[in-house]
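Chains: A, B, C, D and E, in written order; residue numbering restarts at 1 for each.
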Amino acid sequence: AGGKGTAVLAIDADPPTLNLGTTSDFAAGDISAKILEGLVWLDKDYNPKPALATAWTVSPDGKTYRFTLRRGVKWHDGREFTSADVRYSLMEIVGKLHPRAAPVFKNLGVEVDAPDAGTVVVRLQKPYAPFLAQMTVFDAPILPRHIYEGPAVVTNPANQRPVGTGPFKFGEWKRGTSITLVRNEQYWDAGKPYLEAIIFQIIPQAANRVPALQAGEVDELLDFYTPKPEVPRILADKKLYARRGVNIPAVYFMMFNVRSPLFANKDARHALAFAIDRPRLVKQVMNGLARPGYGAFGDGFKWLLNEEASYAKKYPFDPAKAKALLAKAGVKPDTVTLRMPFDAARAQMRGQAQIIQENLRAIGLEVSLQPLERSVYYDRVFAKHDFDVTLGSYFSAGDPAIGYTRLYSTYTGTSPNTNASGYANPKVDELLSQGATLSDRAARAKAYRELQAILNEDLPTLVLFDEETVDTASLKLQNVFPALDARDQWAGVKMVG
Amino acid sequence: MAAFILRRVLHALPLLLAVVVLNFLLIAFTPGDPITLLVGDFPAPPEYLAQMRSEYGLDQPVWVQLGHYLWKVLHGDFGYSFAAQQPVSSLILDRLGATLELTLTALLFASVVGIALGVIAAMRAGKPLDGGIQALGSIGYSVPDFWLGQLLILAFAIGLGWLPSQGYNPIRGAAPGWEGFVQHLHYLVLPAFALSLRYLTLITRITRAAMLEVLHADYILASRARGAGEWTVIVGHALRNAGAPVLTVIGYNVGFVLAGSALVETVFGWPGIGRLLYESISKRDYPVMLAILLMVSATVVVANLLTDVLHRWLDPRVERA
Amino acid sequence: MSPDTSSAPLLELRQLSVDIGQGASAVRVVRDVSLTVRRGEAVALVGESGSGKSMTAFAVMRLFPTPQARVAGGQVLLAGEDLTALDAAALRQVRGARVGMVFQDPTSYLDPLVQVGKQIAEPLRAHGRTEGLQARVVELLDLMELPRAAQVARQYPHELSGGMRQRVLIAAALALQPALLIADEPTTALDVTVQSGILKLLVRLRRELQLGILLITHDLGVVAETCQQVNVMYAGEIVERRPVVPLFEQPLHPYTQGLLGSMLSPASRAHALFSIPGGVPAAGRWPTGCRFHPRCPIAQPGVCDVVEPQLVQRLGGEDRCHFGGEPVALHAWEKQE
Amino acid sequence: MSALLEAIDVSRLFPVRGSGGFLRKRTMQAAVQGVSVQVNPGEVLAVVGESGSGKTTLGRMLLGLTPPSTGEVRYEGRDLRSLQGEDWKRYRREVQVVFQDTGGSLNPRHAIADSVAVPMRYNRGLSAASAAAEADALLDQVGLPAAQFRHRLPHELSGGQRQRVGIARALASQPRVIVADEPVSALDVSIRAQVLRLLAGLQRERGLALLFITHDLGVVRALADRVIVMTGGRVVEAASADALFADPQHEYTRQLLAATPVPDPRRQLA
Amino acid sequence: MSFTRRLLGRWSTRFALGFLVLLVLCALLAPWISPHDPLVGGQDALQPPLSAGYLLGTDNLGRDILSRTLDGSRVSLLVGLASAFVAVCLGVLVGALAGYCGGWVDPLLMRVAEFFQTLPRFVVALIVVALFGASVPKMILVIALLAWPQLARVVRASVATLRNAQFVEAARVAGMGHVGLLAKQILPNAAAPIIVLTSLDVAMAILMEASLSFFGLGDPNRVSWGAMLNDAQQYLRDAWWMSAFPGLAIALTVLSFNMLGDALNDALNPKRRER
């Protein structure tokens, strides 16, 4: 009772787990964000809003966070939610197992105290500007201690049928077909949620998703699942609401292996920046749903842009200049073949790679495209560094310090999605650390501007474009996408008609 | 007969063992680390990776892993899928029904229609009808099935809107009872057709050839000389004698249909084993891959066995051991 | 009991022709063949391989081993009724019911996948009998002098010996007590001892059931043992026809004489063996004039290679030789040697 | 007189898949059982018997195509198994075969002159040119004028002509013994006589020994000096041809004689 | 009727042969007859067929479909012919050995063949190429490795029968050795099924390459029809020409090889001559 309507949301595949504390899988986040909650959520302007925490204070040194928890919240199994759950979740699950948060927690030396049932105190060993932004359900979901306390978190059956505090309860998982959530009658925000149920429908073939949306079989299709060429069709459809461009910044880039003799030379890197037709990439690969590369941190965070150092100024499309630079770097035309591995599973990479191949051939560089299965790709690029250039894309998760730092900071390990270029610059490391720890935004911006000046010149990585997103929903759904992340905050969504 | 089956099963066991071992080694010696996929797109701390690795036994030497695996398979345990965090057997069982439904429908459709068309073509050999069936058959056999699937969706689902483009059941739930069943059948039509077409045309061709081979056999003439009607002659004698090669083709192609389901299920979003296999390949889900490959191989072996048994049963000349 | 020669003919072929192929490429493999079989009479059709014996037999029931073949002219009268005028359904009523047919190779003419009992019962079923099939099958197998009839009925062709298979074929042909049995080389594939058993059986059936038999063979020894009338066929035509005794004692056509001469007898020695030189020309490539003249010892240029001889009545039979009435013809081959 | 080619107490077993049983239980069945024959130089020995009596198997053992299970085959007094190198080659060359199946015994893709030349090339080691010349001569000799027939493929010949090619091929090795396995039973009456005459003539002219397998007593009478009669894998009677026809000893021989049709219409079957 | 007359008697065979000859010519001459560089695009993306300068239109990166289709024939034919060749060599060798030697060799080799036959071809190819990376030689090898058993079985059956054929025994009595018997007497007479299966294997290999490329597992440095279809997937509704032409090219090529196989089957089989 109370809810009305069942919304159908498209996803691409069965998620590996619904325990958001251990995965950054997109579909898992899509589903679990309706079941679980974080301490805060981020609105469209990156502002933290109360979720399980009703209020918080930050100490002046930026090292201590005190959260006041919402009272009277019940887990879906009827147990009371307390600060012990928060402490357990942050220390034992998120801090240890979350692929994004665990390294940060470790780096910051996070300690969590629960002085009373309604209060949690988090202590960091050094200040970290985006800390609150990382307390969302996606990076720090709060999980029930009474269910997880025990030996193996990763194999806990609750990962398949999670128990949370969120507006929807887990219903049924038909593998390969759908996952159904039902209304949480006990939800703390009385009256919400408005929907009776949510069905996540698995549509594995991308080409079938937009037709399903247009036919009304599906009520929401996020950008992540949408084939780019179909976007104009969506935008033209009067029955659909599209949220365009409000998104969490993400950049697509080409990383140079500066260990290789060729790209140890800055001129060669510059040559490629001049040679690659970035507007064409945007137009033909992304169907216009992107902005040509702006600089080391893209153009998604308006507060830190450094226009002086931008690519538009430094590296306009100019094959002749590129050729000259190559010659200067000592490369004879048509003598070198670059190896360019990329992740075969990502459709956009192939198109980019082919255009880049074409652009570089025009300046006398042959490129051998090497699409690899993902784990092989990780192994080749991040562990073995066996490449000349490679394509990738990193997601900022709402703050440059969370998502982009790993592109440039000195890194000697072999983990995937790190800085594989081999670029190491103490000055850059220093500035990155400032950007992450200063709490004053203006001060952070200064650090990032300086970083852009250095990085756009050194160019260990060439940012190709900033992705733009189009998240779509049927007009039958109201109040969709109030949060920065389109997957978040579905308690307020209503269904009409 | 029982002894024959037993002997064949005994023969099949080393074969299946070889399949398991080869697949295991094939997968084990590929570059790359499945754990890196599992943790997602952010750098995870090495301790965490190590913990995961030991959790799934991936830190042991290959031959130890193989030994463990064989031991477990012998006990009917196909391991634990790290990508789905479920026992492999329950994962497969979940999907088995859908695949059986799809492949059996496709097989049945292809066999019945294929044999009928083959018989008709053979009886009209050299006539326009035969030419038409053969031409359509050749074309059906030549169109790549993934492309065919897309064309079918484009034509019948998106263009004409007669049939759903993908899925297994209406999303908001099927109607109860009979009506729901009919609704479900709508979802079955396109994938079953796409999966069966190549097979159907193959059966048509083989049936036609086999029928031509026997239609002029002496015993057909003899049967006609005894005044037997066309139905008796065609079905009672000709088809029966043409049955062996047709049966062989049907039986020996079960494996291809199963393998083809990987493609068709992916294109049509059918929640079956084929798609599970495809997904598990891209996720490096070793245990699932291994189990499905073993299952497919075992199905092929069983299908071959059934074919032989049926062959023996149909043809008294094959000695009964 | 001697055949009832006075009665009306059971089977009468009138000027029967068979073509293979269509239009311009059609080849006439049987031309203007006439012959007669009466009740209780065994009539032989002999000749070398390729002379058109089988095609003649198939033409009776308009049932050919190749779809290209067809009856091109003439009549087939069965008890006075013209079978060539019947439509397919009516013809089916004749097949198996009024005419039975037995073939050369009992193995290939039995469906390997069907129990022989079922095959024997097939004509019964095909003509609407549904009851007492089993009993009739056993009865027929008994008639064929097969021991343990009921058991044999349940066996498959490959489980039987050649002689047994041929008996099964005969049983199936006789299931509906047809008046006429066409037997196309029924013993060629069999051992001599088995052959003699089958021949004895046919002789018995002919007499006991008043069966008319058209026996096709190339073995004159078999003819001598079983038949009353003999038709000799060469290159698609009947070249001589006469009752068996005069044919053996006084053959008029050189071809008949040649055939008789090349028989092996216990007395013959290899170096003295006789053979007709050359071979039957391929169908359609018949020589002009008399079709036999290229192999004929008494052929005369200007006559035999120009003028087609006609069947001429003489000495109680007919023959197709320009010199059949003249003394040369009587000892044609001796003069050769 | 010492035998040229002889089988001494040979038997040959073939596996028959037995019925029932758990795992494959092989039972062995004897196709030939304790048979001894001698072929003397220049003599025609006929082997008669019902179908399946082991005639072909015996012939194949004498030809070295099937090894005997027990007993031994000797050529010029020496066990085949002990023949090595040159001796084996000589045996190979001097013991030849003519098969029954005129269609199947010639390679359908080879012109007949090539088929005839094969034994000259391999058994006698002639050069291609001289083999070709000799093959032509042989074809002429068996009544197939080489000029006309040399390039024909087997399917372009009649059965009798094909059988002549088969005989020419056997002669091409310049053998001393020919094993002829039912060489005429597939042929038309008139052609049969041609082939028999040819064989008899060659045998006389070249002093060939002939082992002649058949089930036709007429053929035996026409050709043979001595006869052995087989049933069920055993020799049941061995005698000179004349003696056999005059006074058959074994019951089966008598049956065989009685069953042979007599071309006398006055003695019709009753 | 002569073999060629028999072979060319049907219009379908003439069509198939004509198409294949054309295809081979296209493949050989592709660099010279292509109107554009198949790898170079530009701003003219998604132009429909018959638009200025592009007979068959352009793809999403502005590359000429006609030139790409022509260029794609090279990979398809290379993979098809080369893998069929490898498969035939392997299959004939193994089949001939098994059939001729008999004894313990036969069941051993046939078990090995059976083993490869038990593996689902496409799936194994998918896994191997996915895990070990794609390249044309690798694809050829994988496809050939999975295709040979069928040939081996057929060859073995023919050889085992022919081994005891009378003309082979006659040649044995004529003093021919094992190698001569196999090479000169037996194998030429087993050629019919080998030739027929080869043409079918070529078709199968072309399809397999296309399927793998369709899954994005082809070699992206070379144009192939399957890869073109893969590119076209997302544009199915907006640019039908992107998938239509490579799709047709695959279908026609496979069809032609199949028809050729059928025709050879009929022409080489004397029993079928008159039908």
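In this text, a contact is a pair of C-beta atoms (placed from the backbone, for glycine too) under 8 Å apart; a residue touches a chain by one contact, two chains touch by 3 or more.
Labels paired with UniProt names: B, E = ABC transporter permease; C, D = ABC transporter ATP-binding protein.
Worth saying up front: this structure is predicted, and the values here are computed from it rather than measured.
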item	value
Contact distance in steps, from chain D to chain E (ABC transporter permease)	1
Chains touching both chain A and chain C	B
Farthest chain (mean CA position) relative to chain A	C
Selected interface, B-E versus A-E, where C-beta contact pairs are more numerous	B-E
Whole-Å separation of chain centres (CA-atom averages), chain B (ABC transporter permease) against chain C	54
For chain A paired with chain D, centre-to-centre distance based on mean C-alpha positions, whole Å	88
Computed distance of Cα centres, chain E (ABC transporter permease) from chain C, in Å	53
Mean-CA-position distance for chain B (ABC transporter permease) and chain A (Å)	39
Residues of chain A touching at least two other chains	207, 345, 373, 376
Chain B (ABC transporter permease), residues touching no fewer than two other chains	30-32, 150, 158, 282
Residues of chain B (ABC transporter permease) that touch chain E (ABC transporter permease) when the two form their complex	14-16, 18-19, 22, 26-27, 30-32, 125-126, 135, 138-139, 141-147, 150-151, 154, 158, 205, 212, 255-256, 258-260, 262-263, 277-278, 281-282, 289, 293, 296-297, 300-301
In the complex with chain B (ABC transporter permease), residue positions of chain E (ABC transporter permease) that touch it	12, 111, 114-115, 117-124, 126-128, 130-132, 203, 207, 210-211, 214, 226, 229, 233, 236-237, 243, 247, 250-252, 254-255, 258-259, 262, 272, 275
Touching residues on chain C, where the partner in the complex is chain D	48-49, 162, 191-193, 195-196, 199-200, 203, 218-226, 244-245, 247-248, 258-260, 262-271, 273-276, 279
Chain A residues touching chain E (ABC transporter permease) - in the complex, by the definition given at the top	206-207, 227-230, 233, 280, 283-285, 344-345, 347, 350-351, 353-355, 357-358, 361, 368-373, 376
Contact footprint of chain A on chain E (ABC transporter permease) as seen in their complex	39-41, 43, 45, 60-62, 130-131, 133-134, 216-217, 220-221, 231, 233-238
